[in-house]
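Order of writing sets the labels: A, B, C, D and E. Residues in every chain begin at 1.
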């Protein structure tokens, strides 16, 4: 059982390693390999879930140097993230296979793609800070070629700005980790370090470094500049990037730092919860305002991610049981909703050539399934019941009140309105406006020729849309993300 | 005795092979291969033997110090011997295709064997003057390789290199003279056992001399043109291995020969020079337009990393776990730099073969044409940036942690900044490789592309298998760098 | 009296050095340098180090001077910079500082006494009577072995300067010795003498001052004169026999050193066989050193421009 | 996993319309999706009669469907209104454009689900979810015609609805936190006593008030009602605004908050009625009438808050208003669709419904007022009676305008005999409005129906109506239509606002960090370049070398190395 | 004898200083090589003088000095041939960075091509 986390990691890592060396023409092998890995992984994650639910926490350890062990360990928090990434990996792989068809450079793409998922998995299953950092960096590195995949100027510029932001962030995290470990020794999540002997200012600075460094990935304002540009990547990448991989890694890291390193009580004692909440709130609002100004669909979605991911941080910062649950559950909810939106954005782009929002006009007629899925995602983002986003919002709101941070409610409210302001016009255009008569985009696709019926693209979008409805509708069920999040929060607050 | 035989193979083998290459002419590479195989076997034997019985000591001619010369293969030495044989092997594989003309062939193969022999000699020698002779041999072979370069700047670069090297050796030798005067011996351990009023100046002189040879900032100006001007496989040797010889000598000098003459302030000066190298080299690398120049300035910067160790190992933290971490981290960093830097230079070698240029603009789009080597370049760059999972990361991590543990976070932060600079200057070639338009390329055998990949993977593997490296480095480490680990 | 002699000697050395460093005209500076080398050799004689004196005279002054003169000739047409480039105070202070500190420390710090005793005690076991030779070829044979290799490396570096298309040409500059001229006459006369002197130096090195390096230098000089006179054809860098000559000495040294492993240790010369082994090494080494030095002076193959 | 508990009918009332909404999406259905509309509210109607409750613990955060008496009453009313509206729509809109009709049908069912949900909700989350559904889906009803007016109205409606959503949710969250649970009762208690209860209650009033058409948050209403198709207007005014009302009734705690409600209610009751007189469009006039009537409901609700009494009277008044107002809206459609004597009949039907709204004697309106006034203090009772005057004036004005509009439109093709589906629903609704309150009077805490026939009460019911008519005759502008000033646009307060710009002002994005670092990087790089140019010259290298030598030597000589403190074995020793 | 030791040590140091100064300030490459040799011989002389006792010099420094002389010769040869090749290619006997006319340009352009 202890080997299970390693095996789960390998289900992504091995396909990645093999895919790199597959000749370009071996489409069947490559697809089989990646799909197989994804399916096996999902299965194993379910097994792991069972184990963790029974209270077993498998752990595998690889000593590197003294005080530097790579530890893979599954606890309930990591499982939340792993299951999300396993599920979405499978769907994204299906989507990506259909999306790319037999385009060139696919071995490279899928290699890095699987590597990216492996990094996310590793990050989720990390048992120590340094393990976390190792995978955190692997993630940075493996996503770069994905962002640059199209290899045009825009992609390369986006990739450049990504690295420009990510690496200083990594350095900050590394400094924070090493500083902390220099003070209290190796830090494992299972046994939070004893920080009582450390002076206040060091702790504060370390915390700021952590949040600053992880905040780059989590796209906290003003460290978010890379994210909107990164939408230049192919749709499956954007989907993964925005839903599970990069931004989530940052948010997940902040969650880990707050709960498993500092502990909620200490964060409050240091007076850091409120500033963090303020930062998250500013991000939420700023991201929304910027999204409102975007006329390109994927850019708008990207800024929406900026805004939404900070819900997670906000929940963490609120440092109460409900806030925690809200933040954690949003980790999952935002993932499935945002991936739906990006799947659909990819569909609009690929099948109708629509990239700008005015090009969406009337597409609901020709692409009803896509548009339905998109609508679900968009309404979920706004927080309309019974879609998943609503549940997050409720918990965050209650968390805010619990913590006495009533102003957070205003932020949530304003964000809801802003979300509505930039999503509803999209729905309006898709469903209610007449189609543009001339073709869309650079190489016009005649409106009548628009055809969404590519199962590999539509079905994943539909599935994630359904999942986000189910996650919200059956939130009270024990097996829902909310159920898991509640379980985790119980752990965080029981001692 | 096995250890001694293995050592003899590593010391005499390359020299004999060099003579063989000289005589064999066309078959030079075959001779070199035989020597490399023997050398690799010897390294394995030595490593194994050393882990079982501790450092292997040979008193040449049976004399021993102070009259004779003592060789000792400790963990540090064996580590570098291993790195050298791996890099040499990789360079061999690429150079076999690269040095086709009689002149290049006839000079390169003997010179490369001599260079290897000189490196091996330096790594195990415990005698200050013997180290000097070894270093001279190393320098001259390195100059020969630079002079082999075809570019217009190669001669100038070689000339500048020689001038620096001449002055460096003289200043070092002056220090040796003072040490002999003060101690009546040249043996490192015997020097450590006594004290002399001449130590301070001798340390200063020898350090300055070695700093010049190691291209430590601010004495690095000769290195970039030389390493950029040499034929690329030779550059790999020069950048990956040659400066490490001077570094190892400095380490031996400061921590083994004269630990009592190295107060914190002096150690801090060394680290400050290292910090200067990191920042200056990084910034200069950012300015370059040619790949090999970037790589050469990167070497300047990376050498700076190694010197940050000084106040951490020898300072107030001596004897603590932090010191051991800094020691191991730095040496692991040196190993992984050797592997990774050789990998990137070999990539450059392949690319210059394929497109005839190493200007960044000309590299555009190479990722599509030569994916394997570009991947290798990327992986090696990751190690050089100090990002996980790689030896470079473990190195940076250990040293940084030591700096924080010992309450000297400034040095750790310099490392962090250096990592950023490295990312910045490696980004440009990487981005160029990844651009869309593939250039016209001559076909390169896939197997050849696998060579830098193997090196890059080795550098990455060092990150995962750093525990054996750590154990190795603990063998024969100075007492105050021998920690038990947290 | 001796002090006065020393004073004069030292003054001469300093003057010659200053003239060599600061003298106007390259040729003159080089000549002063040779003169300086000879005064230094004298100083070594004064110090009673005849081995070093021989080496300094033959190598430090002689061969180096020869190399410098050749270089002066080659650089005649090169654009020369002003002299000195700018004699600022700071470099002068820096140089004076380093030198002064060295001298001061050297005088202030009591010497540890060197290795007189150890060398003396070990001498009977070394197989030779000359302690310097014992150090060179036995106690610190590894140094000497590397040193002989250093020469080879230097030759490789020099050869690396050849142009690709000239690799097949003979080494050295084109020579135009008049047949029957003075040079030829001298060249016919000198070699036998030189060879005798060289061989003697080697042979004597075991018990008296002299040795492979000094002997090799003399042989090299002889060879050079013969070559200049056109008596010996200049070899090509890829000449097999010459390469054998270059490699023989170090190779024998290496093999003998390695054979020590069978006898109890690396580079071990058992006292009984030491003399024979060292002599064997020395003979081959002299040959190789002579060849190497001569080729070093001749330099890489150079363009043959028809007059 | 428990699917549901309690009465399955409760769940069915909610799920059934949702399922129908999905069915309406079936593209083949086209305009025939209208057939679904009347079906939507049947289970809810049954539930209102049987009065069951239930829940689904796994759904949302534990779905609880437990209507109180007010909820049950309003649920029944709402179900009837939607049923009638659905039938009318089936009659009026058949054979329209397929896709649009299907969308209308989908929104219809969804809106109804929400409308039923708010009445059924037993927990705050269910209430909020339903409220959202009824609010946002109703937008689809408003914009159905896609005219410019409809779209503007839709936008205003949507913005306000969303703001209302947010206020409601925030208020609920504060309260639920204090209550440590989402049960309606607990939430209400927490609003009264918990921390930040006043703030939460304020937010709730705002959120619910927007929906209910409470002055001054009513501005969407006069825009949306005329813009929507007739059945849409009917359900909007009759049923949907009651979602706000029910919220106020079941969520707001007893206390002084009621005073605010009374004040706002009075302003609305009179102000809106007067403002409605400026309107020409009969549906706009009806909309202002709705605002005015809701004002009365608010007064009643406020009183029940202040005196901690049952909310049933307010609910009863609202229920009657729903029926009557829906009947009025439908009759607008009927009048316009009818010709000849059929039109006269339709106008008479409208007048009947209007009389009921005005509280004419022996109507359901009088009964509702009687129920309401039962607990009122005298001065308030008088005020409520006085609203009869304004209401009468407004509704007569409505009838006048309706007749004029119909006349202007002329007689429709086909002789003017409307189909059963057009006249049946308004007739039924009018009937219900006239009779149901009277029948239910005792059950709703009012006096016995006989009360209505007592002389004084008759007089009290009739004088406002007469006074209104009299006033109208006195004040009516002479000189016919032409002399009237140009009508004011609907939307009153909204027109006072300056034109609001679309979208936020452009915000300049902070320059990318990389670009910001550019100058610094260039400076550093060129400094490094200059240093490099120096260091390559021996002049400088040599000096640096000398300095290094000297510096290290001096430092080294100045104090012993620290390493000497460590004995070879690793044990520290002390310096002598 | 002590007096002579002092004399030789001082002279050797002075030679080192002279050579070093020459190395630093000379631009002509041949003069640099020459200066290097002056430093070298001064250094060797210092070694000898310090090992001087009675009628001879400590044999170990003697041997080391001989080795040093040979190594210095090797380096000198390489340097001189390099200077020759450099002059052949560029027509100059000095490095660009030491040329006065270039200095202005160098410091402003920063770095070599």
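Criterion: a contact is a pair of C-beta atoms (placed from the backbone, for glycine too) under 8 Å apart; a residue touches a chain by one contact, two chains touch by 3 or more.
Predicted, not measured: the structure shown is a model, and the values here were computed from it.
The chains in contact with subunit D and with subunit E alike are B, C. Under the touch definition stated at the top, subunit A and subunit B share these contacting partners: D.
Taking the mean Cα position of each chain as its centre, C sits at the greatest distance from subunit A.
Each of C-D and B-E has its own count of C-beta contacts, and the greater count is at B-E.
Centroid distances built from C-alpha atoms place D farthest away from subunit B.
If each chain is reduced to the average of its C-alpha atoms, the one that sits nearest the average of all protein C-alpha atoms is A. The distance from the centre of subunit B to the centre of subunit C, each centre being the mean of the chain's C-alpha atoms, comes to 31 Å. If you average the CA atoms of subunit B and of subunit D, the two centres end up 75 Å from each other. Between the Cα centres of subunit A and subunit C there is a gap of 72 Å. Measuring from the averaged C-alpha position of subunit C to that of subunit E gives a distance of 16 Å.
The multi-chain contact residues of subunit E, meaning those touching 2 or more other chains, are 16, 20, 23-25, 32-33, 40, 46, 50-51, 60-61, 64, 67, 71, 74-75, 78, 82-83, 85, 98, 110-112. Touching of two or more other chains is recorded for residues 67, 129, 133, 136, 140, 143-144, 147, 155, 160, 163, 167, 171, 174, 177, 180-181, 201, 205, 284, 287 of subunit B.
Residues of subunit D in contact with two or more other chains: 528-529, 532, 536, 538-539, 542-543, 545, 549-550, 553.
Contact between chains, as defined at the top, is found for A-B, A-D, B-C, B-D, B-E, C-D, C-E, D-E. Contact residues on subunit D toward subunit B in their complex (touch as defined above): 521, 524-525, 527-529, 531-532, 535-536, 538, 541-542, 544-545, 548-570, 572.
Within the complex formed with subunit A, the subunit B residues making contact are 321, 324-325, 328-329, 332, 365, 367-368, 371, 375, 378, 382, 385, 387-389, 393-394, 396-398, 400-401, 403-405, 409, 412-413, 416-417, 419-420, 423, 427, 431, 434-436, 463-467, 469-470, 483-486. On subunit B, the positions that touch subunit E within their shared complex are 67, 129, 133, 136, 139-140, 143-144, 147, 152, 155-156, 158-160, 162-163, 165-167, 169-170, 173-174, 177, 180-181, 225, 284, 287. Residues of subunit A touching subunit B in their complex: 20, 62-68, 70, 104-105, 108, 130, 133-135, 137-138, 140-141, 145, 148, 151-152, 156, 159-160, 163, 167-168, 170-171, 174-175, 178-179, 181-183, 185-186.
Across the complex, subunit E meets subunit B through its residues 16, 23, 29, 32-33, 36, 39-40, 43, 46-47, 50-51, 60-61, 64, 67-68, 71, 74-75, 78-79, 82-83, 85-86, 89-90, 95-96, 110-112.
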